[in-house]
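In the two assemblies presented below, chain A is common to both, partnered first by chain B and then by chain C.
Take a look at the complex of A and B:
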């Protein structure tokens, strides 16, 4: 076969088309995929099982609202057992099976987010939210693709300490689990307390589960702290500590951060052990689900929950843990949509740029007002107080921006 | 000085619970020469059984309401007059919970004893005559089985259970420093010491106890003297499981019910090695020492050190006395 000018041009065009085809296909996949690792088994199985339905709801809601630039999105969740290595394996498997269709990922722990961070390079990187509020993750220069769906633990301590100072408090104790999660805001908290003129009279680390409650309560009693900030617990230890202190007649006021502020846990403690969580305070980045005035997004969730989760605990109440996940998903979806609108590929770099450009966004009721992503996080929250009689956390401060 | 006394008391009270856990490991070892690595997980089951019988079952609609909360008129009247969280309030709360506490303890002991009996009958007895190492490896495998079974039966939530004794605070001044103790801790320590003493006396003076000691000395000779060695094995496992149920219930009241209770077994195994695998008294002393050292480390160095310092002491003791504080030195004749 002779190669003349015409056949050369025809073959070149065909070859170009073949070579360009993947790019064209990449630009318009049949569907996008949002992967997630959740602790469906293991120590935080309760949280994982309450969070999992959020992905089903998000898939329906987001696709009804037009997906990502008209392309539907599919959510894929896998169990991690709360083991970072398992979550990393899940992520790598999702990358291998979904390829470029995988546009975002949701991690289940600080441990996983730190473990995966060095892997997020080139075509292995994806936009990534998580259950974590670890301060270290809120650093776009180091972790450009990772973000927090609220304030960091350091921010949450800032809010609590500021609130204590506003109330005229003078002494504070920090009790925290001896985990990364527990230690996260402690050094920062000490500095902030000093700036606010608060004296830290006790720094006590405990086991994350099965802590020696009498010894810790004894130390708290001897410290004479007016306030005690608890950090690094989910379902255990913090209620026992408060229970022990109340049985001991300690007047200390206890305060917690996001993971120690779930109504389901507080209600269960009240039911099983009595009303000693009455007056317990803590910081919450979001509004509670029952606070739906002027929160159209929550109303949408409520209507969907009644339809999708009949007969489950989620039918009438969305836990704060689930709200956090929905918020993280919505932030990622907003970044993906903004990127698609600009006509750009949904690469990690492009979507991270869109995410960090989110400004003055009214999310429909999650927060106290419009929010911006600054420094890889949304630095807002307010203090709530638990009432054992009505089983509700009610606001006891204005919204703080940190 | 007052602070020293405070933390010494805290440590000794915790030490008595360790001793109660350890008694199960020693009993099984004395009778069968098997170190039960899964004992911590049997204790975890004891804690969950207590939770089941004291919280979950009384909460069912088909159960009588007095089981969950006994509230006769006089008790309601007394509670109304007692301030919330006062010592009297704590006692009245305990009285109100008494039916489910008794139901919980009884249920936990029986269920755990059945579990111990099943383990012995199905896993250990077929291994009689095999090497102890094989039986020990079975107990290692049992850890995964019990841990997985727990996940299938109960959720991973940390849950509350009622205190076995009234948890009224005890306060007094010592050398100008306030000393605080929990009433329930004092009662738990008393229960642990009484049970421990009873078991030691039973093993030393009762017919069944002598059979255990004879079997421990030499199984063949014990057989030839008419002792039913399988029955001795069974008795030792049931004893370990039953005491483990009470230890589990006590741990659950102190620290909440959670899967982490299984890990206590490993800490206590170190205590048993320190005291001497076959010595009840040695193990009791070691348990108090570890409790004391943990409390001192917690006081002076903080929580991270509390999990390390006592076990460094355990290692040192084992290096100096490989058979533990009061353990019998094994003499092998060739």
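Take a look at the complex of A and C:
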């Protein structure tokens, strides 16, 4: 066989392809894996069970849209029972079984995110979103791989306090559960209230599932607060605290943050305990699912929900908890796709860099407009008011950017 | 009927591992633990290390519940004390200029000693109350310790509700910065703890504990000081839990108060009951069931049913039910714990083919 220029080039190309094949194969595995821990049993099983179907929808949607740089993605979900060590074990198992194919992880609690944060080093690190809005996590210098799919609790308090100031309010009370979740924005909230000229007339910590609520209602009445910000509860104190205050004839306006703003829970409380939640307000980073004008992404979810979740509560309505999870997944996928497009390996460092570079992104309806990831979070939200008659949270402010 | 093993010398009678099965098991486990860091993946190391930490704590619980007969539901508090002592002591040592390489050699014994002291305080009610009343008294200790850890005034030391990052252990320059390296330390100390406690019950002190368990008034009549030995039992038990807590702090990069709540205390007692109270191997078998089996169930259900979220949503409660049913079955068929089942198995193996059971 003679060696001329053409055959030399052909053989060189073939040899290069053979030599480069392992690298290419390594760079592009057959599939990527997105791991998750959810509280499918334990105290937050209700939330976990509502959120779980979102992963099936996300997997289908993302893969139909081309996966990550053409490589399909698979979601692996495990129950944590809402115990941080269990979630950590789930994460370690996902790392051990999936290896480099595991490119992102979704955590189920603030506790887990804090527990795992110092472990995210070297090849143990992955991009990580979660259900948490804990202010401590939104710190890329300390937690470079973790992000919030919305504003931190401190930001949410900022939005509520700004809205109160805009409406001419002058006195606020903070009632919060005696947990890390409840205490998160309180110190910051006090400073912000002072800056806005609002007087914090009551700071009251309670048990997460309020036992001595009448005492708190009495103190609230004595404080004469116009507004009362609730933090650190999912449903625990609505009937007792707000219901009790209404029975007492208090005109105080109650406000909550993300985990106290779910329509399904508000509807259930209204149905079982009466319409005292009418006029309840709170901050929500996302648009509610029924607000689908100019929200193509929500329309896509709605079409898929009708097909995938027939006969379940998700068929016609996607809870805010599920929206938060979908949002966290989409942010991670965007960071992964951006990294893949740049031709880089999907390492935690590369994807975290892409994540923090996301700016002016129109997510198709989740938020009030295009959003940017700044400081490991998306600092936007608006105030909504619940109507007991129609069972809807309707906007009562413009979008705030904090 | 065979009711013992022939020993021809006093030395044979005094051996801790006094028959071939015990020797085979202990040496086998030691070999397995030695080999594990070289062959197992990170997840297996994580579960094994978790088992080691819980095992040390359950061995401690066994001293007070299994051997001394004092029911305690507050042992997570001692683990918390041991765990929180580590970052606090490291900060203190750093301010005193103690070299990092010797900090664990001081911090671990001090954490153990602090837990033992707290154990004595928590054990005080045992002088007046017994049974369920003592359980409630110790239960409150758990709540008080967690309350103190979360207290705002303690937050500069404990991190309060937010928890605190923990230091890495540095043994004379050997930085145990991976879970694999930490597992080696945990496994070694777990062996030492089990053998130490096993030996304790060959001494006057251990026999005094057993006498108190059988009937405390009679023990007192025999000259055993209830004050001294009940408090000593609590101190030894709390010391083991303190050791578990110290290792917990070195193993995890961060500790949170919610990790030491009532659920952990109940897990320790459950492991002891399932494994077998008042037996050396009880904690070992109990920890295998309580820590490893849920992970095995998760793993095997995951392989069978797949890892997708909608399947996980269905199989997670099923796993819990299967685990609960397993414990009920064990307790129904052998209330004395898995140790008895294993004993029966070994006995029948010993006598086969001449007799069974």
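In this text, the second predicted complex is superposed on the first by the 374 of 402 C-alpha atoms of A that agree within 3 Å, B and C clash if a C-alpha of one lies under 4 Å from a C-alpha of the other, contacts with A are read in each partner's own complex, and residues count from 1 in each chain.
Heads up, the rule we're going with is that a contact is a pair of C-beta atoms (placed from the backbone, for glycine too) under 8 Å apart; a residue touches a chain by one contact, two chains touch by 3 or more.
Keep in mind the model is a prediction, meaning the values are calculated, not measured.
Q: Just to be sure I read the superposition right, which of the two partners does A:41 touch: chain B = first, chain C = second, or both, or neither?
A: After superposing on A, A:41 lies in contact with both chain B and chain C.
Q: Is A:274 in contact with chain B, with chain C, with both, or with neither (first, second, both, neither)?
A: Only chain B; A:274 stays clear of chain C.
Q: Please indicate which partner A:196 is in contact with in the superposed arrangement: first for chain B, second for chain C, both, or neither.
A: After superposing on A, A:196 lies clear of both chain B and chain C.
Q: Taking the superposition on A as described, I'd like to know which of chain B and chain C A:204 touches: first, second, both or neither.
A: first
Q: So, does A:402 touch the first partner chain B, the second partner chain C, both, or neither?
A: A:402: touches no partner chain.
Q: Of the two partner chains, chain B (first) and chain C (second), which one does A:237 touch, if any: first, second, both, or neither?
A: Touch partner of A:237: chain B, not chain C.
Q: Which of the two partners, first being chain B and second being chain C, lies in contact with A:92: first, second, both, or neither?
A: In the superposition, A:92 contacts chain C only.
Q: Contacts for A:392 in the overlay, against chain B (first) and chain C (second): which applies, first, second, both or neither?
A: Neither: A:392 stays clear of chain B and chain C.
Q: Could you pull out which residues of chain A sit against chain B in one structure and against chain C in the other?
A: Common to the two interfaces on chain A: residues 41, 45, 178.
Q: Over in the complex, which chain C residues touch chain A? Could you list them?
A: Touching chain A: residues 41-44, 46-47, 50, 150, 161-163, 165, 252-254, 256, 258-259, 263, 295, 298-299, 302, 307-310, 312-313, 316-317, 319-320 of chain C.
Q: Inside the complex, what are the residues of chain A that reach chain C?
A: For this pair, the touching residues of chain A are 36, 38, 40-41, 45, 48-49, 52-56, 59, 74-79, 81, 83-85, 88-89, 92-93, 95-97, 111, 114-115, 117-119, 124, 136, 178-180, 183.
Q: Mind pulling up the chain B residues that touch chain A in the complex?
A: The touching residues are 3, 6-7, 10, 13-14, 55, 84-86, 90, 93, 151, 155-161, 167-169, 177-178, 180-182, 185, 251, 254-256, 258-261, 263-264, 294-295, 298-299, 302-304, 306-307.
Q: State the interface residues of chain A toward chain B in the complex, per the touch definition above.
A: Going by the criterion above, the answer is residues 41-46, 178, 203-215, 217-219, 221-222, 235-237, 239-240, 243-244, 246-249, 268-269, 272-276.
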